[in-house]
Amino acid sequence: MNFDFGRVALVLLFAIVPIGGIILGIRAPALRSRIPIMVGFLAGLVPIVSLYVPKNFISGPTGMSPRLDQWLIILAGFALLLGIVNVLQTSIRKITRREAGWPFAVVLLAGLFSTGSFGIHGAISGQGIGFLPDGSPTPFKYMADWFFLPLQSTIFSLLAFFMASAAFRAFRARNTEATILLVAAGLIMAGRVPLLELFALPFPGLQPAAAGASQFLGRTTEWIMDTPNGAAQSGIIIGAALGAASMAIRVILGIERGYLGLGKGE
Amino acid sequence: MAPPHIGIWIAAFLTLACFTFLYKDNPFFRFAESLFAGVSLGYYVGIVLNQTLMPNLFEPMGENFGLNWDLVVPGLLGVLLFMRYVTKFGWVSRYALAIYVTYYIGVEFTRKLHGEVMPQLGRLIRPITSLDPATLVSSVYIAGVLSVLVYFFFSKEQDAVTKRISRLGIYFLMISFGAAFGFTVMGRVALLIGRLNFLILDWIYPTLGI
Amino acid sequence: MAGFFDRMLTLDRRWIFLFVFLSVAIPIIIPIGLPVTTTGSTRSAFEFIEALQEGDIVWISFDYGPSSAPENDPMAEAIMRQCALKKLRFVVDVLYPLGGLQLANNAIGKIAEEFPKLRYGVDYVNLGYKDGAAAVMRRLGEDIAGAFPTDVNGTPLAQIPMMQGLKSLRQVKLVFTAATGLIGEWWITQVHSQIGIPVIIGPTAVSAPKYYAFLNSGQLVGMLGGMKGAAEYEKLLRGRYPQMAKFYKTTRDFTATKGMDAQTVLHTIILMFILLGNYAYFRQRAKAARA
């Protein structure tokens, strides 16, 4: 058995301590929030310290940080599946109580169980979720290619229609700021596509002038994106990043506990 | 041109079912929407199991438990996450949740400072060694960044000077939001182009033998 | 005339939807062939890859799903074609959970058919999808096998010839990420800032404006912004490698260049809508002020 420092330290901190915390928490409800916050503090500290402390015990090949990265890849997989239980509970309740729209809950569960079971079969049988040895697609790939991909693409493509409708009905130059926004949007929309070449299509004589004007418009658009837009985005990035970094410190230190479902003082 | 196979017919039907929402809400759209939700979740199951849990958790432990014995811990922590749905023992999931959230928050902390604040400030702090067009453009850039930062400073009430600087920041932000709107239109339209390309060229044309 | 503009302000939005539908459908049925002009950020990306040497490794990350496939698919395909033409080796991974793997597999399948001399495991590898993008990026910087013990088919990396010499991302010359959302940004702010590997990003148009700040700060080598960026790259590729024109001439397969026709027509329509809507609004305001 491999007992290098990284593995042992991680098991101690993130397995033994939580087990102890769970046992203590059964008796003392006050510890049900305090010990997880302490464990969270240690988990948040490892990736930060590993960047600044180039010592073997934390960032070396047998250190804590590399192994914790591998653990969190696995934990992220479980986290992605967390929402499924909630959806199952809601859908089953809807069906058993015959609430409004319950047949669609049946459709949802049918989609979930069919695709999910094809995926589970692929994992257990070793077939995978790509192609079978004879070159034909696995059932999972078939569902993904002809159900999942078209549905996902089309649901999002509906936004184009609503965007055009919103642009027509709501985009008004009511004041200075809105006018600047409108003019910038118009310049970008005109400069990023060969708009003037489209207008000049029926007039061959105008096409060279249209091409020249289009290039000028394109360069203006690029300048707008590089300079005023770049500056504003840089300001937003700096401000948001400083805010996020301070929030990260608050979460790691246990000042912010909302993510655990705890309010202030709990 | 070969006629479209059943998969294309299924995809075309589901695409049109989604588009019917544009006229009004109807059972075809709701069917497609519910199927989308279910198939997406089933897709998650397949992809996580086959691409993460098998190669990173079960197979390493199965092939060489001596080297990978510690992977039992993230496996158990993952199962512990689901305890939040057990009313009496939901508090137990806090351990897994705390490790998951604070680890990624720790990574986020380093990413924000090293990857965003420092490089962006580095772009901002440039010496003015000559008066040429590049320096003028750079000055506009610096003025933009600083005025936007002043606008977002809410810890103190703004006085007459900072109000004017904020106003300049707002103008820069409006240009940026206008540009973002223009790009967003491009982005959304591109999705529609893709779908109509499929419907017309991959379904209708082969069906009609064009 | 006055009544027309007043009616315009209360127009049923389903008429607008019909206009939008026709603006996109007609250029697909009757291609126009409008020209595409290139921008500096796309040219820098192209020239950077052109400057790489035969045998250099490019890391291509599919960080998008079907919700942005018409924008990102052409980018990823163009980059892979360029790698194949320049005999650069490429490693593909997927960090976006919702559909990224299917799109990566489809794109690689397409390129493998176009370039039958490419050998899997020697010239390119598909590592598949992995959860926990940020944790994966941290591992890739030190030990690729720590994040991806096997390729997409379950073959251990130690058995793949190309991966035997490639232990960490530091040996790679470039990372290209076709991205929707934050994962693409993490390649810049986490991988580039901590390891220093050059990054080219192919974001969706929705997130492209933000990346100009990263271009200005030198954190990006180049950017392909949305479908326009993909169309620009396709033009540069055809210009440098005329034999590539056959993949972009077909009327069947979707390419970004073809998509720009519909994009242009719809932009024109939307700009007209905005102008008409504002004209009608100001007319109404003036009428109210007079009253």
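Per-chain numbering from 1; labels A, B and C assigned in written order.
Criterion: a residue touches a chain if its C-beta (ideal position, glycine included) is under 8 Å from a C-beta of that chain, and two chains touch if they have at least 3 such contacts.
Note that the structure is predicted; figures quoted are calculated from it, not measured.
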Original post:
Most central chain by CA mean?
Top reply: B
Subject >> Distance-maximising chain from chain B - centres being C-alpha averages >> reply: C
Original post:
Where the CA atoms of chain A average out and where those of chain B average out, how many Å apart are those spots?
Top reply: 4
**OP:** Find the geometric centre of each of chain B and chain C from their Cα atoms only, then give the gap between the two centres in Å, rounded to an integer.
**Re:** 14
Original post:
In chain A, what residues contact two or more other chains?
Top reply: 47, 51, 70, 72-77, 79-80, 128-129, 144-145, 148-150, 152-153, 155-156, 160-161, 164, 167, 182, 185-186, 189, 192-193, 225, 229-230, 233-234, 237
Subject >> chain B: positions in contact with at least two other chains >> reply: 22, 40, 43-44, 47-48, 51-52, 54, 56, 103-104, 107-108, 110, 112, 114, 116, 120, 123, 141, 176, 179-180, 183-186, 188-189, 191-192, 194, 198
**OP:** Any chance you could list the residues of chain C touching two or more other chains?
**Re:** 17, 20-21, 24, 67-70, 97-99, 101, 130-132, 135, 138, 152, 154, 194, 209, 213, 216-217, 228, 263, 266-267, 270
Original post:
What residues on chain C touch chain B, complex-wise?
Top reply: 14, 17, 20-21, 24-25, 28-29, 67-71, 97-99, 101, 128-132, 134-135, 138, 148-150, 152, 154, 186, 188-190, 192-194, 204-206, 208-209, 213-214, 216-219, 225-228, 251-252, 254, 258-259, 262-263, 266-267, 270
Subject >> Touch list for chain A against partner chain C, complex >> reply: 47, 51, 61, 65-66, 69-70, 72-77, 79-80, 126, 128-130, 141, 144-145, 148-150, 152-153, 155-156, 160-161, 164-165, 167-169, 171-173, 182, 185-186, 189-190, 192-195, 197-199, 201, 211, 214-215, 218, 222, 225-226, 229-230, 233-234, 237
Original post:
Tell me, which parts of chain B touch chain C in their complex?
Top reply: 22-23, 40, 43-44, 47-48, 51-52, 54-56, 59-60, 103-104, 107-108, 110-112, 114-116, 118-120, 122-123, 141, 176, 179-180, 183-194, 196-198, 200-202
Original post:
Which of the residues in chain C end up touching chain A in this complex?
Top reply: 9, 11, 13, 16-17, 19-21, 24, 32, 34-37, 39-40, 65-70, 97-99, 101-103, 105-106, 130-132, 135-136, 138-139, 142-143, 146-147, 152-154, 194, 209-210, 212-213, 215-217, 228, 260, 263-271, 273-274, 276-278, 281
Subject >> Parts of chain B lying in touch with chain A, wherever the complex brings them together >> reply: 7-8, 10-12, 14-15, 18-19, 21-22, 30-54, 56-57, 66-71, 73-79, 81-82, 84-85, 91-92, 94-110, 112-114, 116-117, 120-121, 123-124, 137, 140-149, 151-152, 169-186, 188-189, 191-192, 194-195, 198
